[in-house]
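I'd like to ask some things about the structure below.
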């Protein structure tokens, strides 16, 4: 079987009917979070879409993002997308290992120079010359720079790649940085989440595949179509929030009634992601529906943003020590200043020169 | 999980009703302008409770069809003629997408020219080469 | 800095810093005032300083005989603002969570719609007193930059809080940062401006009552 | 050292204490004190807002006693107090403030404004900014013994007249008397009836009392001008006389600020508690009333009202005594709307009546009392302060109002029921 040049060919080779293609287009449109009326346009674009090469780099990561993708529906739409993309390097998924693996990467880079996509999961340690993570003797930093050089665009998959994630959490011993801090001259799409929703990953890839460019992004470089609204705005428990009905513990009456989880630390209001609509596990549920607040995993620095079970409005860290020091210092300084001023007053009184009738006469005009 | 329905503190379903209203307008557009509408339910905060409400409101219609392309697709006309539930499944039977289509016949049910052509080729091959029919489409 | 980084800062070090300055400044101010001291009164007293001082702290909170329109306006707008501000501050769930994170104490909240009303009333009263500060020749003469500065510092947390609840103007995270910062600036400003009256009013009223009470007069 | 800005500032610093600091810290510039001040209500001029009269003192406090104020002053962001500023404020501090203390009663944050005016005047005197009238009155008080220049021979002369009038001897310099009475020169010159009145009442009640030839003057111009040094000198004279005559009580007369000076400021001015008690004549008369030693006969039929002298009532604490006494002789006693501790000043207290420059303003301020009297529609006004009385009479005359002003003690004396046998005959004069 010759390597399919377009998606249509690829689907035909797999014996998928035109009906199947239309279904695929409808679902892809849905996956890209575009309105259903755009499905015909998507179909037209996909008829002529080229088959891009994808190089997947895994750096300081836990493989959770790949897990998220591979553990999703099977055989899935995502799979079709991935089958269609020529996944030329992914050291977890590819059969080749060692030198052969690295060779595959270099070959893909050469053959598709300027046209291939790079997906990155994991952050990049840059401290001490990037010694904290290497693949085949090449530091992550160097491999990223090499690989990105001839790329058309970079997709940072997962919060580690997008914002630094767990490795970058305080105190960040490896000097981990996200992709966007290292790649300035190529378009970078951040698909954040720990892990990201699989359909969002494939949606972004589908968008590139369909339209040949990256989707519209928010201030954090995330595709607006998935990260445009907060969890809170789309949460089915939002009416309880508006009414001020909150679960106080995980097993109280409010929790059983499905009230808002704000007080249990839900970060929904400050978290932008598609969990509340797309949901997880084939649209079964998402954390809030399962009775647990949102962690805010798709936001920068979510590990350092206070306790997971601390409400958003609570302070981070204790204030007791600060308050005690402030009271002591304030009292000490205040008493000292007050007493000093009192003694100044008394001193002035001792120095006081009596007002006499002569003084009155003197000032008479 | 979702609260029980008899809970008096339960806020009104906030998605099912607007969707029902959208469907009403869609039917009106179809009747007057022949314009079709598709509502993608997977892009809305839409849960089982909403779906139950919507199914109850729309009822079941006369047509039920199952399509086997890239996994199964179920097409079910609702009690409101012209309003269809279209659900796409993958090969393992997991729902991939759920739509409400407001149209006379959902597109997925129509036979596609490309597929017909493939069928024609198959028939040509079976009946011998003496009188091969070449479709107009192919000539173009 | 991203808005999340800002949020972490204002909820963490920012809050600690502003609370620290507030407590330090206020303790300093109260202690300094108290230890400045006053001369012992050698005249034979006719009444108790303590008792009358405490009574004045209480009674000065109400209307007094012979009050004029200015007085009624001041008291009504003053109460509307102060109650609006305090109820909004103390009885919104989110705020109670803040106090709980500080002290471990919590108390029942009021429904968000009630808090919306108190916040709007608070803002309305502030607008009214600002207009009056310009319109009334007495207040206009007395006012200095601090009066206007304090007005801005006081209205900001209320306005940003309302915007936050109704999700207007800025994305939630940025607005939450602005809201918390506005509160922190207010905290820092209290000890060093006339806003310190939140505490020193008790000292001032007590002295007033004590001075008059010594002579047997309930002021 | 002569009077100067430096000396004024130094003096103000001596007087900035914890209450002053707490008051300035707490002021929110609400302006409610304006409505408590008759100089504002009768002129509607915002500069007469009580707290505004303290602006220079507030500046000094801010620059010297607050962290940021000190810093700003050091960095040159706020200019120091100038002599011009104090001079500009002189009329506000003296002409438009009777130290009545009504503002101190209404301030919602509890500022005792008049407490601070009193302190501000200390600095004004030391800086040389006090009204001429007050300065010359104080000079006379110190050098002659009375602000009106009344010397003992003049009093002796009046005593002779009174003695002839009432047929009783007025005791002078009686050692070991229980009470030493003081007078105000205004009483000596304008209302000598007072002397006769108390003589009659005391005689009937068997009170052993005396006047002191070297300390008969109760008024204290030092308090009005705001100089503790001069005020102390005047108080010392009274204390010396009381100690010399070994009396148990010194009676403060029907004079407002004399009571403040003697009763409340005196011990603090001289720096030691008195070996005697100061009692106001009204307190003493009320004691006699409660002991049935003040029998009266007949009542005034006419509707009358009572003018509360600020220093005796609001700033003095003698509130119910004059009312109980007045009820004895008045059939139709009606209170003005704002009375007692919320009364309105006559407009002449705190040295304003001695300050010729303030004469016009004083008459304008009197309108407040005029409205009060007109609202009540009375033709008789009783009061217990000679200075109030003079101010009221001036104001009434200026406004062509037909209202008689009476002193309470003399009114009581007029209604005194003759008791026989009078036990007073045993008293040696």
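Labels A, B, C and D are assigned to the chains in the order they are written; within every chain, residues are numbered from 1.
Convention: a residue touches a chain if its C-beta (ideal position, glycine included) is under 8 Å from a C-beta of that chain, and two chains touch if they have at least 3 such contacts.
Everything numeric in this text was worked out from a predicted model, so none of it was measured.
J.: Whose Cα centre is nearest the centre of all Cα atoms in view?
T.: The most central chain here turns out to be C.
J.: If I rank A-D and C-D by number of C-beta contact pairs, which comes first?
T.: Spelling it out, more C-beta pairs touch across C-D than across the other pair.
J.: By CA centroid distance, what chain is farthest from chain D?
T.: B
J.: Could you tell me the distance, in whole angstrom, between the mean C-alpha positions of chain A and chain D?
T.: For chain A versus chain D, the centre distance works out to 77 Å.
J.: In angstrom, rounded to a whole number, how far apart do the mean CA points of chain A and chain C lie?
T.: 40
J.: At what distance in angstrom does the C-alpha mean of chain D lie from that of chain B?
T.: Chain centroid spacing, chain B to chain D, equals 98 Å.
J.: In chain A, what residues contact two or more other chains?
T.: If we look for residues of chain A contacting two or more partner chains, we find 243, 338, 341, 345.
J.: By the touch rule stated above, which residues of chain C touch at least two different other chains?
T.: Expected reply: 28-29, 32-37.
J.: Going by the touch rule set out above, which residues of chain D reach two or more other chains?
T.: 16-18, 65
J.: With touch defined as at the top, which chains are paired up in contact here?
T.: Contacting pairs: A-B, A-C, A-D, C-D.
J.: What does chain A use to touch chain C in their complex?
T.: 220, 230, 232-233, 242-244, 246, 262-263, 269-270, 299-302, 304-306, 310-317, 319, 322-323, 325-327, 329-331, 333-335, 337-339, 341-342, 345
J.: Please name which positions on chain B make contact with chain A in the complex.
T.: 1-3, 7, 9-12, 14, 38-40, 42-47, 67, 69-70, 73, 88, 90-92, 94-97, 99, 107-108, 111-115, 118
J.: Could you list, by residue number, the parts of chain D that touch chain A in their complex?
T.: The touching residues are 1-3, 7, 10-11, 13-18, 65, 125-126, 128-130, 132, 135-136, 138-139, 142-143, 225, 227-230.
J.: Looking at the complex, which residues from chain C come into contact with chain A?
T.: My answer: residues 2, 4-5, 7-8, 11-13, 15-17, 19-37, 93-95, 97-98, 100-102, 109-112, 167, 172-173, 176.
J.: Taking the complex as given, what residues does chain A use to touch chain B?
T.: 16-24, 26-27, 29-30, 33, 35-37, 39, 73-77, 234-236, 239-240, 243, 245, 256-259, 276-278, 282-283, 289-291
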